Amino acid sequence: MAEPARVTTLAEAVASLVHDGDVVALEGFTHLIPFAAGHEIIRQGRRDLTLVRMTPDLVYDQLIGAGCAAKLVFSWGGNPGVGSLHRFRDAVEHNWPRPLELEEHSHAGMANRYVAGASGLPFAILRGYSGTDLPERTPNIKPVTCPFTGEVLAAVPALQPDVTIIHAQRADADGNVQMWGITGVQKEAVLAARRSLVTVEEIVDALTPVPGQVVLPTWAVTAIAVVPGGAHPSYAQGYSERDNDYYVAWDAISRDREAFDRWLQEQLLAPVGGAG
Amino acid sequence: MAEPARVTTLAEAVASLVHDGDVVALEGFTHLIPFAAGHEIIRQGRRDLTLVRMTPDLVYDQLIGAGCAAKLVFSWGGNPGVGSLHRFRDAVEHNWPRPLELEEHSHAGMANRYVAGASGLPFAILRGYSGTDLPERTPNIKPVTCPFTGEVLAAVPALQPDVTIIHAQRADADGNVQMWGITGVQKEAVLAARRSLVTVEEIVDALTPVPGQVVLPTWAVTAIAVVPGGAHPSYAQGYSERDNDYYVAWDAISRDREAFDRWLQEQLLAPVGGAG
Amino acid sequence: MSASVQPPTLAQEWSADEMMTIAAARQLHAGDTCFVGIGLPSTAANLARATHAQGLVLIYESGCIGAKPTRLPLSIGDGVLADTADAVVSVPEVFNYWLQPGRIDIGFLGAAQLDRFANINTTVIGDTYDRPRVRLPGAGGAPEIAASCGEVVVIVRQTKRTFVETLDFVTSVGFGTGAGDRERLGLRGSGPRMVITDLGILQPDPQTCELTLTHLHPGKAVDDVREATGWPLAVSASLSTTEPPTDHELATLRSLEATKSGTDS
Amino acid sequence: MSASVQPPTLAQEWSADEMMTIAAARQLHAGDTCFVGIGLPSTAANLARATHAQGLVLIYESGCIGAKPTRLPLSIGDGVLADTADAVVSVPEVFNYWLQPGRIDIGFLGAAQLDRFANINTTVIGDTYDRPRVRLPGAGGAPEIAASCGEVVVIVRQTKRTFVETLDFVTSVGFGTGAGDRERLGLRGSGPRMVITDLGILQPDPQTCELTLTHLHPGKAVDDVREATGWPLAVSASLSTTEPPTDHELATLRSLEATKSGTDS
């Protein structure tokens, strides 16, 4: 049975789909990052999450600083164009607010782990990692031999998040989801996951085809929540611009535990229902 | 160096890119089948080709009947919605006009062979072939064991045609190629090949983005030839309709060696420069 | 899509192919995702969409997901499939991201030969693979459809030449050598749920997985089916008769067929 | 894109970063395909496009192939990259179909630590991986860019902390342990062609692959470079001086920098 996606509120979706201890992927490649959903996870106080993402950025810094994460599976953790993720660094360098276990890959490895997950395969192969120190630190990288040529390649296991959350431009009345612009690894991340939540700018009667679109049929998505601006300070092409000042300002807030805690209490937790 | 695609004539492109004995893929999935290029290969009298295609249809029946092919690598050889490919059958069943070696896969296997070729990998993995007689007849299907779970999957080797030929709606003045509608496995087939030829309906100054488009940058293509109607009796969405009568009529022509030879001499070879 | 309703007199008679197609269409339900091959499966799936299963999701191997054709496509790559689909994806994607992980509920397959465990041959007829008596089109998407769909429905005309004791070639696996074999082979779908023919319906025995005649189409006798079967046919103790086509089913099927612009093999 | 030309007096002075960026831009040619990371590499690649290499094909790991940004992107996923690209593909596709097969001529990388064989660390600083002194962003696309691009250009500010005897972590391979090691590791690109710093240019010795100082930027001395290098520096017998920035290069770079809407790390 192809169940259509359920349209619900962000709070209900996070409450029902994201549980303590889950493996959670919030994907987005600079564009369409599901910030509002990440903030809702913080508000609902989820703990012991394994956070998965190719490019953990500010929203993961915020989740890590708020103590939601026990583990991070990733390939590049920085503030793009600005510098470090200071909450991420504080967790790794000083176990604050709690220890953060790392599983570290390259982009190519992570992308292929999602591809394997979306494909129902237990692993993927790539030309990667050779000569680097990553396989020594990441047991999830193993050699595999080509049965035809004898060449040795790298194998990585499928990623299958308990829940993947993405932000998209819109959905139609049936729950079919449409996104365009830089769509990164979001299709694979949704298809690899057991459950999925898509926050959208709006729901429209019917989807007008758009060049470069990726469409996820309603039966491939678990839940949809309408969250206009749900990618802020990231952006949704055709709806909003990237708030570069927020990324720059985050550097100062996140460098200091007290400044971060003030941001968390005053900006994120206090205004219930608002975006941080 | 990213060489831009060379714009040339169909005759010159086939003469310079397709050689006797080559591994040649003419891809197209019902839509955008490069018939005119196939006919030019017949006219130029190429021999001993290994023809590769997921769905060899009429143009491969014609190439086989004309004696161009020594081997066929494929997954489904029929006249879609009509019946058999009689020239293909005559070659396999009676070695006429010459023996035809077969290498046979499933669609999933062939598609993944192209994916591996496009990816610069020696092989691809899939859940496939299990319990079938195909691995017994096709040495290019081998087991591979997941280094994480111990599961046994099927491996197929990369396809790397000497030349892939496709038909697309259009190219721009720089040689960037654009196609849309059902685009099948054409991107993978071009990227997997050493050389490529794209026949197009037209060359335009600039490509207007189209929903569902696949764009191949000019430096990923070897040569482009403008051949309006080059997919006939297949179709080019936005330019032409499928000529279903041709497919039906082919059944009678191809059933009989003499009728086929008459077609070959009178329809294909006689009107130099015309389409069959 | 609404069919033009024909006078009831027309609906009083129907061909064996029509009964078969209608019986197949009835197996599809509004919420199903269905991987559709060309020919009778496509006709049956589109008939289901045009009658009782408007929400049926059709997936064609050409990459068209959620196609809603307004006329019967002649091939799996007709423009109408792309034009009406929710999403058009590449051929590798439809096999890797959609079929292989088990996202498709029902696979609809035809057959040139079929054995008692609903294994299918669409490759060669004759003793030798290299020089067959009849070279058939080959596997296409069938081996992985048969392996990975939640379940499979086979639609095939029944004759002794088709329903054989031993396949000349195993192209797609039904229940292999019998109960437990799919699991042993690592096939993740549950396999053929039924085989629908122009004579009746066969279903796998819950214990042995051997195909068992469970329904006769109106006007057909068990001996008709026995004579068209190349092995000693098992017949269900609760054998029943297929509901005849309704006027609506028949009229819709005929008006669908009339939209097809070519012939069908 | 045409830069607004500045008065020549401005061009008489330049910063070390400007010299470095301009020297890097000069390494790119019109027909090249270039895999661009964010930061200095992106600035240099866009400077090349705006000066002598208009036909340079920029590929960003976000999936933008042939991006022609009219202003400097702040991140590898800026909308201007998708808007101006010849094709926007998925992230798995950019790595699997475009980078991995060796279709990209030049990879442009930065580094937090670099050793004499141009191996790169962008993972951790400090003795222990589990509790590092400085946790860096990690690998990103770099290991496979370093492995698969036809050649690699590294752009990095030169200090003793950065140019180290032994990396704390090997994130991306330059020449590994020296001549022949790339082949042994199965890396198919030819590796780093040069390392461009704020002091000069280092190139691998044709025999040993050890980085050798081949160019000093105007006003820099060999001792400046030695003091900024954590190993005994090899100096080329034919050491030469980098051409200073032209007025046009400097004006174009400054006008490009002015289009950037944020800061750069």
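Letters A, B, C and D mark the chains as written, and numbering starts fresh at 1 in each.
Everything below uses one rule, namely that contacts are C-beta pairs under 8 Å (C-beta built on N, C-alpha and C of every residue); 3 or more make two chains touch, one makes a residue touch a chain.
Source: prediction; values computed, not measured.
S.K.: Identify the chains in contact with chain B as well as chain D, in label order.
M.R.: Both chain B and chain D are touched by A, going by the contact rule given at the top.
S.K.: Work out the mean Cα position per chain and let me know which chain is farthest from chain C.
M.R.: D
S.K.: Count the C-beta pairs in contact for A-C and for A-D, then report the pair with the higher count.
M.R.: A-D
S.K.: Distance-wise, how many Å sit between the C-alpha centres of chain A and chain B, to the nearest whole number?
M.R.: Chain A and chain B have C-alpha centres separated by 39 Å.
S.K.: For chain C versus chain D, what separation do you get between their C-alpha means, in angstrom?
M.R.: 58
S.K.: Starting from the mean Cα coordinates of chain A and chain D, work out the distance between those two points in Å.
M.R.: Taking the mean C-alpha position of each chain, the two centres sit 28 Å apart.
S.K.: So which stretches of chain C touch two or more other chains?
M.R.: In chain C, residues 96, 100, 148 touch at least two other chains, as defined above.
S.K.: Note the residues in chain B that touch 2 or more other chains, in rising order.
M.R.: Answer for chain B, listing residues that touch two or more other chains: 120-121, 126-127, 151, 187-188, 212.
S.K.: Please list, in label order, each pair of chains that touches.
M.R.: Going through each pair of chains, those in contact are A-B, A-C, A-D, B-C, B-D.
S.K.: Please output the residues of chain D touching chain B within their complex, sorted ascending.
M.R.: Contact set of chain D toward chain B: 31-33, 57, 65-66, 86-87, 96-97, 100-103, 105, 148.
S.K.: Residues of chain B touching chain A in their complex?
M.R.: Against chain A, chain B makes touches at 120-127, 140, 142-144, 146-149, 151, 153, 155, 157, 209-213.
S.K.: Under the definition above, what is the set of chain A residues touching chain C in their complex?
M.R.: Going by the criterion above, the answer is residues 1-3, 118-121, 176, 187-188, 191, 215-217, 219-220.
S.K.: Within the complex, which stretch of chain C touches chain B?
M.R.: Result: residues 38-39, 61-64, 74-79, 81-82, 88, 90-92, 95-96, 99-100, 123, 129, 131-135, 137-144, 147-148, 169-173, 176, 181-182, 185-188, 261-265 of chain C touch chain B.
S.K.: Report the residues of chain B in contact with chain C in the complex, numbered from low to high.
M.R.: It is residues 29-31, 54-55, 74-85, 88-89, 92-93, 104-108, 111-112, 114-115, 126-134, 137, 151-152, 181-185, 187-188, 212, 214, 235, 237, 241-242, 244-245, 247-248 of chain B that touch chain C.
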